[in-house]
Structures are given as structure tokens and as C-alpha cells.
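Below are two complexes that have chain A in common, paired first with chain B and then with chain C.
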Partner chain A sequence: MKTVTLTLTNPPKLLLEGQNITPDNFAGKNTAEIATLDLWEGKQKIPLGKHFTVAGDGGATAAETKIVLRGDCTRVKRIGQQMTAGEIVIEGNADMYIGGWMQGGKIHVKGNVDSFCGIGMEGGELIVDGNAGCHLGSSPRGEWRGMKGGLIRVAGNVGSDTATFINGGTIIIGGDADIHVSTHGEGGTVVIKGDAKGRVGGQMVKGDIYVYGTIENPLPGFSMVGEVEQEVDGETALFAHHIGDLGERHPVSRGKTVYANLYTRL
Partner chain B sequence: MSELIIRNGFVFDPLQGIRGDRMDIGIKDGKIVETSTLSAPRTIDAAGMTVMAGGVDIHSHVVGPKVNVGRLFRPEDKLFKSPHKSPTCSRMEMGSSVPSTFKTGYDYARMGYVFVNEAAMPPLHSPHVHEEIRDTPIIDNAAMPVFGNNWFTLEYLKNNEIENNAAYTAWLLRATRGFGIKVVNPGGSEAWGWGLNCVHIHDPVPYFDIAPAEIVKGLIETNEFLGLPHSVHLHCNNLGNPGNYTDTLDSLRLAEGYAPKNDFGRKQVMHVTHLQFHAYGGDSWGNVGARSKDIMDYVNAHDNITVDMGQVTLDETTTMTADGPFEHHLRAQNNLKWANVDVELETAAGVVPYIYSPKVKANTIQWAVGLELALLAKDPMRIFLTTDHPNAGPFTRYPRVIAWLMSRAARDATMKTFKWLDRTIDATSIDGIDRELDLYEIAQMTRAGPARALGLTHMYGGLAPGMDADVAVYALNPGDMPSDPAAIENAFSRCALLVKDGVVTVRDGEVVTEPAKRTIWVDVKVPENTQVQRDIYEHFLRHYSVKLDNYSLFEEHLHNSRVIEVDTTQ
Partner chain C sequence: MPKKVENVGCPYCGVCCDDLVVTVSDDGKQILEVENACAIGNQIFHHATGSERIRLPRLRQPDGTYKDISYEEAVDYAAKVLYNAKKPLIYGFGSTNCEGMAAAAKVAEKAGAVLDNCASICHGSSFLAIFDNGYPSCTLGETKNRADVIVYWGANPAHAHPRHMSRYSIFPRGFFTGKGHMSRKIIVIDPRHTDTAQVADIYLQVKQGHDYELFDAFRAVVRGHEIPDVVAGIKREQIVEVANILKKARFGTIFYGMGLCHSDGRNHNVDIAISLTRDLNDYTKWTIMAMRGHYNITGPGAVWSWQYGYPYCLDLTKKDIAHMNPGETSSIDLAMRDEVDAFINIGTDAGAHFPIDAVKHLRKHPWITIDPNINMASEISDLHIPVGIVGVEVPGIVYRMDNVPIQYRKVIDPPEGVISDEELFERIYRRLSELEADEAVKEHAKAAPEGVRAGE
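Up next is the complex of A and B:
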């Protein structure tokens, strides 16, 4: 695997749109070619090399390409958008839409990210060591086909509207989650190892949510049906099992009605 | 103004019976002229290419409140589907199944279309319709106000007061700057206000105690009493349900005994729109089948009816109709987001996204039904190419529909992608149809036919001297048609040249200028009718939430008006 190191040496005045910073776009390109890829600063199209110092060449394919971003990328958006393979390591913070519509590969952010990260995700891994903003692993605006697959792991806290319209895949949050988790969910798993504020699983049809801490305002549409022992993220624990959202339609599979499951740790 | 001559193209003009003759088309001051009258024209070489009049779309939802609801509540319809701004266009383009007004105008022009009839205008919201018409570049528009659930209409027709209904219709056409009489699920959208629907033509409308059959017959009589350019434009009851073909046949029979009466060359008294949605057999989605043959046998035998296809294109799209109960019914089927609204005293509407998939048997049967209708038609001057944009598919798929109609190979290639191919073939007759339409028949279905049905053959749909200089040139040689149907689709997607009102508007598929577009509407002069004036005054006083003075369209909303005058007082 070949490594391309981008160092943000000339910080932008406005936010940078970095959807071209993906292993797919860097594959098969040398240092000079990568420096000519387009970025957008506001409505201005500018070459990547204007803001970043580029070192190293891309691999032959996306899978053989690793991108390391150094410097303060707090104002660089859309890194790894629609990537299918390869690896991105962001040494510090990054802005919105990191790993949006990602189909494969791995992104590791060592700092915090802003909102809309991992939206519309279909596969791959997005690891965030810090906190994430709102709409993590959510569906894009208006879209009813949300996250389909892949893994999002955030060590810290997340904002509101996590996993809206989730259909598949897993989101593991080490800290707390703000309101609205898995709204309209029809599959997938969300694990919150801290506390959740409320509206957890609203209008949820199918899928699983685990909350290790407390839910400040649980929804009345969920009803406790028993206690179960489950293995989650490599450890086994006892959970109270709730089904819901009882106000929503639910499919019937083999004569049994399918509900969404909300597990709270006992 | 400049003079133009389009030389040596293969000209298809069904209005004059010209079948691919090599001819020159002369243009002067925005009109078609005899080439001998030109003095120093600019020459455009169309050798080896197909020349037709600009396209005419008889039924498309492109402007107005429900279209805008579709745009607003489907941001995902724009995501990754909006091209970067074309350097040759003045405005950005957005969206796919419900494109922005600008994209709508540009994309129609790129396909060689010049006139689009907005299929349903809620009268109360006519200012919005006309504002969007103004913002839709290049193509000329007309809009049909809906009458089939209007309280005035229901009351007059219940009492069989055709003359009063005609006076009201004339008033409303003027108040909304409308073009003709649109009828959507007659009675059904009003019944929906009571949580009901009219699925058969003899189901009574609550309170008004009138049946859809009486509404349709009354509106045909009204239309012919006034002698409007277009006929009654009917969206039948019981749209989209298995087994509805019998209701459709019942609706078609309502036109029996009526003859067209107008000065515009229109031959029909009833235009039945998106017929594909109304030609299903069976009694559930499990055993639904095509009854296109029953429907087309009737249509072929009755000259006073025209129809359009409403072809399913197997795309993700956004359904929108004034048929409120149908949209409510549809959202219960696909569980997607939905919008429904009642328009006081007049109509209703709903919007629901829908995905027509080659993996779903019902959808592939619908695809077959639409094509069967066109391929079983004896007279292409009476069946028109539409997708009921955006209900059965976006209008940008017309070129693909043309390819399906012109090529059995294109149909076979699409059928190969069907998950339930065998069951689709069993439920339809599409696999037994080898007919391939030619360019003359395509010209009939996309320009000459719709223009005649709309009563607009003095302006659109042909290339006779005196008509508007709207000319589309496609890179297709009729003597050497491509064997690859994709080439047919490409040629119709991006015309080689479009001249609109004598101005070269599209070149090699790109919009190069944006000539002024126009709004076509019908102004009917009727004798003064004090009873109708009093009824209008009373209803506005008692029932409307707006004042009469604020209801009629203000002049500043009307963009570049081109009025068609009808005088019934003579």
C-alpha cells in the first residue's frame, strides 16, 4: 500500500469542499497530479496543491492507496465521500460529511468531526476518536433510504439525529447521544454506551438500539417485554428488552409481527 | 428579423402528409414561409437528418403548486442528479423526476419540444402556476384548470344547466388564464372530502348527489357549447387499480353520441389521458393483467376520442395528481412520505414518491400495458406519447419511449432485465407484438396528433407556411436508421437543432439561446349571465377564504400572453 500525505499548510479563508480527497481519486496518480485535483472554496474551484503540501504517490488502485491528512482540517469537508476502498487517516479534527456515502475502505479520524459524517453509508469503517456532530450515520436530507451497511465507531459523544432511517450497518457510540436516535429505522444496530437524551427509536419499524446508560425521556411507544442476555461489541450483559415503536406500522414475517428492539442495560 | 433556410433534411410533417421527403424549410420573422419568398437567408444544412415540427406535449405536470411540493419535499431528487451549470444556459439546473423550472425548459428544448400543456391547474392557485410558467424558459405553456370536482360545476350539472356551466367555465378560464377543461377523477376528489371516493362512474358524490358520468357528459356538452380549441381532458375514475379497465370502458362510452363542434380543426370530444393507468385486468396485484386490447379496440373504433399513453419508464419518480384519494391510497402501499391537500371548493392534490422497478411484476406489467396501447393503435394521430410526467416517469425519458416504440430489439433488451419476465409475458401481449413504429408515426404521436387534439394546428405541430417557425432536426437518417436502439434514444434526447419562433435555440444538443416563451390561454366571449355572476358573488361571499377581487389572476402574473379568442355570442 502506498501512502499520500497531505499537510494543510495554507489554511483556507472559507470552508473547503474536499470530496476529491479519496483513495479512488488518488489511485494511479503521482504527487504532481494529485496536487492538481479540484477543491472548492465557496464557489471558487481551486487545485488541491494551493492549500495542501502533497507528498507521495497514489497506489495502483484505491485499495492500495492510503491518505494521511495532517494539519488542522477542522474546516475541510467531505473527505472520503463516496470512497470504495483504501484508507484515510486524519491526524486531527475534520469538518462535516466525512465518509458520507462511503462504500468501503476505512477512515480513521483522531480528533473530532462535525455533522453529517457517514451519512448514506453503504459499507466500510469510519472510526472517530473524539466526538461527532449531528446526523451521524443518518440519511441524507429527504432520503428514506439511510445507512445500509458498514461500521461507525465514535469514542466520544454525538449530537442529535443519529442513524435516521437506518436500514443496516452498525453505529457504536462510546459516550452520550443527544435526541433522536434511529428515527424511522428499518434495520441496523445502534449502540450507545453512555446516556441518551430522548426520542430513542421514534417511528422505528425494525432494527436494534442498545443504551448502556439512562434514557432521560423514554418514548411511550416502546413497551418492555422481558430481560435478555446479549453479546454486544464483544461483551455480554443483561438488558431490559423493549419493543416498539408501537405507533408505527410493522411488517409481518412468518406469521410474526416484527418490531424494533430497544435494549437498556440492567 | 433574420431569415433562415433548413436545407435538404428528410421532412416529416403528418399535418401536410409529408413522409420523409427531402425538402427545404424556409423561415422568416418567426414563421414558416415558402422558400421562394426568402431573399438572403442563413442556411442550415440538414442533409441526412430528420426534420420535424417542434414537439408538442399534451399532458405533463411541470408547473404549479403540486409540482413545487414535489420539488420541496424531495431534496434527494436533486442529490448527485443535478448537472453543473451549463456554460451556454443562463440558469442552474436541478433535479431529476421533478426538475426545477429552468431544467424543465432546457430539457424539453434539448429534446426538440416547444409546447407543453400543464395537465392540472388548481384554479385557486393559478397565480403560482403562471409564475412558474414565466420561470420555465424557452417552451410555450398552457395550463388546464380542473373542473371535475368544482362546486359550481357540480351544482350546474346536477341541474343540467349547461349554459350556466358554460358561462362559469368561460369566467374561470379567463380568471385563471386557463386553456381548457381538465377533469380529474370526476366527483372522486370531492368525495374524498368525506373520506370516500368515486371508483365507478355511477358512484354518487356525497352532498352534491351527482355521479361522475353526469359530470363528464355535462362537461363534454359545455365544451362543445363553447367550442373550445381543446376537448374535455379526462383522467378517469379508479386510476391505477387492478380490474379498472371496465370503468375505463364505461368512461370512454360517455363520449358516444357527441360530435366535435369547434373552429380549430379538433376532431375529438374527449381526450383520455395516461390510459396506461386505466387498462388493468384482474382483481388484485397478484393477478393483474393487461387489458390494453379491450381498451384499444374501443378507441380504434371511435373517432371522437383521443388518448395519451402515460408510459411507465421504470425509473424512480414522484407521483403527483389532483386525484387526492389515489395518492392517499398509494402511500398506504409504499409507506413513503406523502403530501395531500384540499383546495377549497375546487379540487385536491397529493404527492408521493414511487419507484417503478424492473424487479416488481406489477411495474413491468404496467410498462407493457403502456407500449401495447401505442402499438395496438390504428391511428397514431389519436394516441400521443406521454409519461404523465412525472407520474409514470420523467419527461426526459421520452426518447427511450420512442426507442421502445420504434424497435422490438429495444423492448427485448429491457425485458431481459425483468425479474418476473415469464409472468409479465403471461399477463400481457407485449411479447407477441412485432410492430415497430416509423418516424412518420412518431411525428404523429409527438407533434401533429397532440397539436390537432389541442386545437393548435394553426401554430404548432406542423411545418406549413404561416405556422410558428418551430423546427426540430434530429441526427437520424430515415434511409439508414441505426440498428442500435440506443442511437435512436440519443438522437431524440439531444436534437441536432431546434429553431423556436425562428431563433436557433438548440445546437448539437446544447441550448445556445433562450428566446422569449409564451403563455397560451383561451378567452371565451359568452353572453352576459346575471345568474352565474350572482352565484360567483355568493360563493365567494359565503365559502371561499379569498375575496372575489383577489381571486382572478392579476395581469402582472401573466407572462407574454398569446390569447386564443373564442366568441360564442355570434
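Up next is the complex of A and C:
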């Protein structure tokens, strides 16, 4: 695997949109070619080399390309958007849409990320060591088929609207979650190891949510049906099992109504 | 002999009353009397001729004062600001006609700007819910003629839409509702006991910020499930009682306002309200409608959706791709994140409505206000361009809150020399095209035009 190191030496005045910073776009290109790829600052198109110092060449394919980003990328959006393979390591913070519409590969952010990260995700892995903003692993606006696959792991807290319209895949949150988790969910798994503020599983059809801490405002549409032992993220624990959202439509499979499951740790 | 103009549309709220009678003086220069309008609509007409108007664009000078300039200079200034900015923001449009909105969209596309309207800080969250969940709505005429149960949720029309209740929802006698308010059930759900709640048959004082839970409880009850004893501060018995009224209605409409759009959850509150409406349609006919604020704030949604496919928060910076994602491309977020470097405030007052931090960020860059009147935004602008008042001095199409287009007329002429929003934007567009064509200008124009950034 070949490594390309990008160091942000000339930070933007407003913002940068870096949808070209993916192993797919870097594959088969040398240092000079990578430096000519486009970035956007508002309506201005700028070559990547004007803001970043580029070191190293891309691999032959996306899978053989690793990108390391150094410097303060707090205002660089869309890194790793639509990537299919390879690896990206962001040494500090990053802005919005990190790993959006990602199909494969791995992104590791060592700092915090802003909103809309991992939206419309279909595969791959997005690891965030810090906190994430709102709409983590959510569906893009107006899209009723949300996250389909892959894994998102956030060590810290997340904002609101996590996993809206989730259809598949797994989101594991180490800290607390703000309101709205898996709203309109039709599959997938969300694990919150801290507390949830409320509206967990609202309008949810199918899928699983695990909350280790407390839910400040539980929804009236969920009702407890028993206690179960479950293995979650490599450890086994006892959970209270709730089904819901009872106000929402639910499919019937083999004569039985399928509900969404909410497990709260006992 | 003073002239009476009948069937005049009112340029105040989303109810778009079109039954006003305006009396104009002999010379056609003074508005003497306005009949049928509410107190606020009345004031808009009288303000046009009863007060001192700005007649020329005003440019901020180095000493902080305003100096009158010609429209030509103002158009040139605005075009250069848009042309030189990396990411300009054009925001407003609550109070102008659709013709002006279409012309502004042309300018935004040419300039590579972000185009946003007041829905961004108002019913924008309704759009997001409608994208996700549909909009089982109707016209106000249907509500008037058919509805026997009315729900006002998080809305206070007694103050915000003064004639809504008398024209469409509670009091009018319609085709199938001949007994007027005698045969209608009014349910008001609001954390505050508002003046609208005073006329309600049933008032539910929902705990502030817990509307979503209450909707969820209604949905569970409608489907025949058990709910906890108390939800969002409302007792179970009362929720069941109201749910039964909703199910037994012949025709019902849920009118909702900022109580849903701007409490926690925003679009999700509207989203679940739409879900409840859909559920109720298993039993009877139910509809839902957003209580849109200004008389033509529904307009930009209709006009821009037709032009670009999105109703608001349009990022046109890539010119051939329209991108829309509130949270990123919405005015407040752009301002708070300091992502824009020029601002045009048109037909609204961002100075009064935006959070102070957003205003401070926007104020770092050129700020142009286009408005007939002096307002808070015009007082902190670099350039203030006056225009004619739509519905009083300028005719045009407006969209009522139920998406019905209405042709507004003018009753008097604008002050001499004052142009319309549409003409202003067409002229800015022409100047922008000239700048774009003229490569030589591009080099010079990089420097801010004279007069900008006064007193700093």
C-alpha cells in the first residue's frame, strides 16, 4: 500500500470542499498529478496543491492507496466522499460529509467531525475518535432509503438525527446521543453506550437500538415485552426489550407483526 | 372624487385576504382608507403614503453616514460585490412577488450565490418533513366548506394571521358547514394559553418541546395501543378523547405553526404530524397545512422548485449543479460558520430576525439591503436600495399558504423614480453579464468598490 500525505499549509478563508480527496481519485496518480486535482472554495475552483503540500504517490488502485491528512482540516468538507476502497487517516478534526455515500474502505478521524458524516453510507468503516455532529449515518434530505451497510464508530458524543431512515449497517456511539435516533428506521443497528436524550426510535418500522445509559424522555409508542440477554459489540449483557414504534406501520412476516426493537441495559 | 379599488390583495400574512377595498385620493397619490383588512394589513397600506419614503439608493460613506446615489451606481456596486465574492448569500423574499424571485434566481445563478428565503428560519423544516413524508394537504376553500374539526397546533392565528379563523377555519359558513362555528370543533394544542386557545373547545397544554411525544401517543391510540398515564403533560383520558374526536370527524384540518417548526426536533415534529394525518385517513378525511407567515413566502418555494428543483437553501455556487442541504446551505448556518463573504438581504429584515452572532459574521463582509422601508438591516448595511411595495405599488403573482397563486394588483404608483424588485434584479443581472464578458473589468474589480467597509 502506498501512502500520500497531505498537509494543510495554506488554510482557506471560508471553507474547502474536498470531494476529490479519496483513494479512488488518487489511485494511479503521482505527487504532481494529485496536486492538480480540484478543490472548491465557494464558486472558485482551486488546485489541491495550492492549499496542501503533497508527499508520496498514489497506489495502482484505490485499495492500494492510503491518504494521511495533517494540519487543521476543521474547515475541509467531503473528505472520503463516495470512496470505494483504500484508507484515509485524518490526524485532527474534519468538517462535514466525511465518509458520505461511502461504499468501502476505511476512514479514521483522530479528532472531531461536524454534521452529515457517513450519510447515505453503503459499506466500509468510519472511525471517529472524538465527537460527531448531527445527522451521523443519516439519509440525505428527502431520501427514504438511508444507510444501507458499513460500520460507523464514534468514541465521543453525537448530535441529533443519528441514523434517520437507517436500512442496514451498524453505528456504535461511545458517548451520549442527542434527540432523534433511528427515526423512520427500517433496519440496521444503533448502539449508544452513554445516555440518549429522547425520541429514540420514533416512527421506526424495523431495526435494533441498544441504549446502555438512560433515555431522558422515552417515547409512549414503545412498550416493554421482557428481558433478554444479548451480545453487543463483543460483550454480553442483560437488556430490557421494548417493541415499537406502535404508532407506525409494521410489516407482517409469517403471520407475525415485525416491530423495531429497543433494548435498554439493566 | 376619491376612487375605490375593490378586491385588493393584502401584502401582509399568508392568508392573502383578497377582499380589501382601498380608497385612493383624487390625484392617485394618497391612500385614504382601507376596508376589510386587519390592523396590520391596514397599516401596510397607510405606511406607503403616510410616511417619508426613501427614494434613492444610499451608500455607506467612510464617516459612517449614508449618501444618496443613483440606481445605476447601486446596480454596479451590487453586481461587483456579487461578482467578486467567493460565496455570496442572497436571502429574504418574504415580501416580494414571484416575478422578483425569478429575477433574483437568475442573478444568483449567474453570480454563483447561495439563494435562500425566509423559510430558512421559518417553515423550512416543513419542507424537509414534506420531502421525507409527503403532504396530504388541501386548499383553504376546502377547509372552509367541509371541515368540522380544526386543530391548531403550535400556531396562534389570533395574532399572526388575524383573519385566518374568520375567513377559513372557525367562523365562516361554507357549503357543507352552514352552521359556521356552531358545527365545528376547535382543538388548540400549545404550551401557552394563547388568544387562539380562548376560542377552542378543547385546549391541550403540551409540555414545551414534547410535541413529538404527544403525536406519537395520538398515533399509538389511533392504532388501538395502550399509552402511559401522562404524555407530554397531558392525561391519557384526554388524549383518548381527542383521538376519538379526530377519528369521528367528517373532514379535519391540522394547521400548525412555529410551535412545531421551531421547537426541538423541528422537521420531525412536522413529519410525525403528517404521519398522524395519514393514519387518520384510514378512518375519515384529514388534511394538514403549514401556517405560512408572509403573504408570498410560499412563492419562492414554488418558483425555485420549478427553476432548480429545490424550494430553499439553494447552493448555486457550482452554477451547473444545484445543491440543497439545510444545516449546511441554510443562511443561519452559513453565517454562524462564517462561510459566506457577501450578503444581500431582500424583502425581509435579517438584522432583526437573525441571531446576533450571525449578524456579526455577515457584517464582516459587504451587506446590501433591498427594501422599501428603513429597517434594522438597512441601518447596518453598506448599501440600501429602495424598491416599490408589492401589493400596494407593484403588481404581481403571490402564493397563498395553501399554494394557491393569486394575482395582486397595485393601487397607487411608487414614489417617482423608485423601481420594482424585478427590474432591479434584471438590471443587476445585465451588469453581471457585462462584468463576466469583460475580462479587463475582472482584474480591476478585485478591489472592493469605493465606499465599501465604511468606518472600520
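To be clear about the criterion, the second predicted complex is superposed on the first by the 266 of 266 C-alpha atoms of A that agree within 3 Å, B and C clash if a C-alpha of one lies under 4 Å from a C-alpha of the other, contacts with A are read in each partner's own complex, and residues count from 1 in each chain.
Keep in mind that, in the parts below, contacts are C-beta pairs under 8 Å (C-beta built on N, C-alpha and C of every residue); 3 or more make two chains touch, one makes a residue touch a chain.
This one's a predicted model, so the numbers in the text were calculated from it and none came from an experiment.
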item	value
Superposed partners chain B and chain C on chain A - clash or fit	clash
Touched partner set for A:254, first chain B, second chain C, both or neither	neither
Partner chain(s) touched by A:15 [first = chain B, second = chain C, both, neither]	second
Most chain A residues touched (candidates chain B, chain C)	C
Contacts of A:217 with chain B and chain C, given as first, second, both or neither	second
When the two complexes are fitted on chain A, the stretch of chain C hitting chain B, from 59-67, 95-103 or 131-139	131-139
On chain A, the residue positions that both chain B and chain C contact, one per complex	140-142, 144
Chain C - residues contacting chain A, complex	85-87, 111-112, 128, 131-132, 210, 212-213, 215-220, 222-223, 225-228, 231, 264-265, 268, 271-272, 275-276, 279, 317-319, 324-328, 337-341
Interfacial residue positions of chain A with respect to chain C in the complex	13-15, 40-44, 96, 115-116, 134-135, 140-142, 144, 160-161, 165, 179-180, 183-184, 198-199, 202-203, 217, 219-221, 223, 245-248
Chain A-facing residues of chain B, complex	73-77, 79, 335-337, 353
Partner chain B, residues of chain A touching it in the complex	140-144, 249
